[in-house]
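Down below is the structure, laid out as structure tokens.
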Amino acid sequence: MLVEPVALSDFFLSFFSAAMIILSAALYAALYAWAKIKTRPRFYWGAWLAYAALLVCIGIFSTVNHFTGYWLWLSLSLAVGYAFMPRFIWRLCVATHAEEPEHSHQSGGRHD
Amino acid sequence: MTEQVPRWASETFWKKTAIWVTGGSFVLLVILTFDSLSQITAGGSRVQAYGVINKDVSYRFDKAKQRYQPVIGGNAPLFGKTLSEEEAEKLVDLGKKTVQAKNCMNCHTLLGNGAYYAPDLTKAWLDQGWIAKESREQMMVDFLLDPEKNARTFGSNRKMPNLDITQPEAEAIVAFLKWMSTIDTNGFPHNFKAIGEEE
Amino acid sequence: MTLQAYQEKAAVCWADCKQRYAVFMANPHLSGGQKLAVHYFTVAMVLFMAQLLFGLLAGLQFLFPSFLYEILDFNVNRMVHINAMVVWMLYGFIGSVYWFLEDESGVEIVGLKWGRLAFWVLTGAVAIVVLVYLFIQFGAGNDTSLWLINEGREYIEAPRWADIGIVAVVLTFFYNVAATFAKGKWSGIAGVLTLDLVALAGLYLAGMFYVTNISVDQYWWWWVIHLWVEATWEVLVGCIMAWSLMKLLGVRRQVVQTWLYIEVALMFGSGILGLGHHYFWIGTPEYWFTIGGFFSALEPIPLVAMVVHSIYDSGVHRFKNSNHPALAWVIAHAFGNFLGAGVWGFMHTLPQINLYTHGTQWSASHGHLAFFGAYATINIAFFYLAVQQARGNVWMGGDLVNGWRWKTAAVLLNLGVLGMTVALLIAGYEQSFIERAVEGSTWAGYFAAQNHPWFMQAMVWRMVFGLMTAAGGGLLFWDLLEIGKGEQRPAAIIGDAATAE
């Protein structure tokens, strides 16, 4: 079989770690964006903490779902993808809003 | 208002990306669809020819594949009649049409898809609830013809309503269910102990 | 009362309706397309109420199986429940497009009278289909039944004659949209919208034929269901959101359109091949495990991207807006979509666990929150935008008269759906355990799980939260009829001429 199903005793871990992957990824993304917008470095610590939690969840998720062989690429792409994606989206936000007119507080300081 | 939007964040760049990503994914899906459809045509290894209803069917754990797998055995004609491939197809077709016309899918699941008010029908033909292989066909037909009188509620009080199913339709539904139980569903449902497989 | 008295009463009612309708059609605040949109929104709300009602009936049958037995069986209630949902979503989307078509293209709608005709034809057809569902329910196992009564395929049960009617109406709608944009301005939104509608209509054809082979049947059936819900609907809503963001928050067109393209790339990039997660167990080859697994894991990416973007926007725009109810529903959309589609979807999507969750209340749990979060919320937000305009672009900020009503409705609806989702999650968890893993999915195993106290109690809680949802729905309907009436203050002005090309 190409996949080995989750063991009965691991059901909860599988559901919970899957949910936590998405939630901690979102938390990491949110804290990262928040740190950027408030320019407060201590939020970065929070972001990295959330990312560490994300890595742990990916580890648990991969173990209980019996990832071997090419399925490990999925673990890797989750870890790498969720690390860089919020940064990329942030840069995209800044870049696409580069010509923001007066009423936004960001452009207020920079483009006058 | 003077800062330039970099090229990688520009509208045109993302317009092109959107087109290429969508087009690429869709082309890939079409190619996979051609391959999948060729593999699930009735008569292949994954989906059996309709004449399989003339054979004995079971569902066993396959050690090599590490999953449950339908097993086709010797002759075991349905209702004691061996049918030609065309006759079998006609019968299964009537069964499938009846299953649709009676809206079975809004209580039951078929191949796991549908509603969750009544049991899955994927391996209904093989269920141990039919007690013994010898009496199974008749029990199924009787149940379909008068589900209220022959109710099998397993203590739930949930009864199938009478859907005005005729004798030929009931037999056809049984044929359809038997044929469906031979589909290789990649090990779904797992751990299912088929009738006649009791240890 | 005598028959004559009834007739007189009916005549008075009818005259009253006609008079109200005439007043509405003379509303100077709405363009032709917007009046048509309000028609669609009205029917959408009625269907939403039907969805709630039949959902309650179906839910009650889990608790009291003999309730309405052989009168309105579970399959009928459930079918009307999910069909009303699909159709009110579509009515909301179509209405929203008619609403902004003239504003976006800069010209009057081309062939509006055909659009109006299509609305009445579609609504008449929907009414007939529902009446047949309720009073005829099922037919004999032949083509006539599939053509006239019920096709018996979940979500797209509408009989074949109605399918053809739906395609004809959608083509009329498409003609209105494409011809209007062709005559006026072709914006980026116009381009995405037009192509998306082609895909939407084209995909429906994949669900319009009968085959004996159930694997082939479900293969194409998922093309319609998945590629509508997880691809083309998302993009359609993206177009509606793009226009609304320009109006609601005053975001510039170039920014909105760039992000629309980004969304299309992410949604279609993950969603089209994400179709694979429906091809694990229907007879299709094993390679779908890999494709479905990988692309499903990618599907939450657009949702996480949205988190970053909304924080960026809230920092930049500080949620200044002219319509508080609409913004509240957009926020509900962000959370609901993230939790329902993202978290609830990913929890049971990989084949390693889906082997046990497929076809259980897990899907119902995920479905309730995802449809509500991704689509119902957006439609409701748009209804509030429409009401504001219809009342003469009046104030819809803080301290609204009877503002408690929209707030209470929003709280009840959101809590209700979330509560149902959690109850169904517990039921699904128990089911995957007892029925699937321990008992091996036999019928005895199925009923062992259904009779388990966890499941029974979950169904009671689902009913409690279902009633809460229905109360919220009723309040929402009332609020949409009343909000802004008698309001004299003009709407707050946001983002000046920001929407200009």
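Going in written order, the chains are labelled A, B and C, and every chain counts its residues from 1.
Basically, contacts are C-beta pairs under 8 Å (C-beta built on N, C-alpha and C of every residue); 3 or more make two chains touch, one makes a residue touch a chain.
The shown structure was predicted, so the numbers you read here are calculated from the model rather than taken from an experiment.
Asker: Have a look at A-C versus A-B and report the one with more C-beta pairs in contact.
Answerer: If we tally the contacting C-beta pairs, A-C comes out ahead.
Asker: Point out which chain occupies the most central position, where each centre is the mean of Cα atoms.
Answerer: So the chain nearest the centre of the shown protein is C.
Asker: Centroid of chain A to centroid of chain C, CA atoms only: how many Å?
Answerer: Their C-alpha centroids are separated by 28 Å.
Asker: At what distance in angstrom does the C-alpha mean of chain B lie from that of chain A?
Answerer: 38
Asker: Could you check chain B for residues that touch two or more other chains and list them?
Answerer: Residues 5, 9, 187, 190 of chain B touch two or more partner chains.
Asker: In chain A, what residues contact two or more other chains?
Answerer: Correct list: 4-5, 92, 96, 99, 101.
Asker: Taking each residue of chain C in turn, which ones touch at least two of the other chains?
Answerer: Touching at least two other chains: 254, 258, 262, 286, 289, 351, 355-356, 437.
Asker: Can you list the residues on chain A that touch chain C in the complex?
Answerer: Touch list, chain A to chain C: 2-6, 8, 11, 14-15, 18-19, 21-23, 25-26, 29-30, 32-34, 37-38, 65-66, 70-71, 74, 77-78, 81-82, 85-86, 89-90, 92-94, 96-97, 99-101, 103-106.
Asker: Show which residues of chain A lie in contact with chain B when the two form their complex.
Answerer: Those residues of chain A that touch chain B are 1, 4-5, 91-92, 95-96, 98-99, 101, 110-111.
Asker: Using the touch rule from the top, collect the residues of chain B that touch chain C in their complex.
Answerer: 5, 9-11, 14-15, 17-18, 21-22, 25-26, 28-29, 32-33, 35-37, 39-42, 46-47, 50, 89, 92-107, 109-120, 123-124, 127-129, 148, 152-159, 161-166, 169, 172, 180, 183-193
Asker: Across the complex, what residues on chain B touch chain A?
Answerer: 1-6, 8-9, 65-67, 187, 190
Asker: Where on chain C does chain A make contact in their complex?
Answerer: On the chain C side, the touching residues are 250, 252, 254-255, 258-259, 262, 286, 289-290, 293-294, 297-298, 300-301, 303-305, 307-309, 311-312, 315-318, 338, 342-343, 346-348, 350-353, 355-356, 429, 432-433, 437-438, 495-496, 498.
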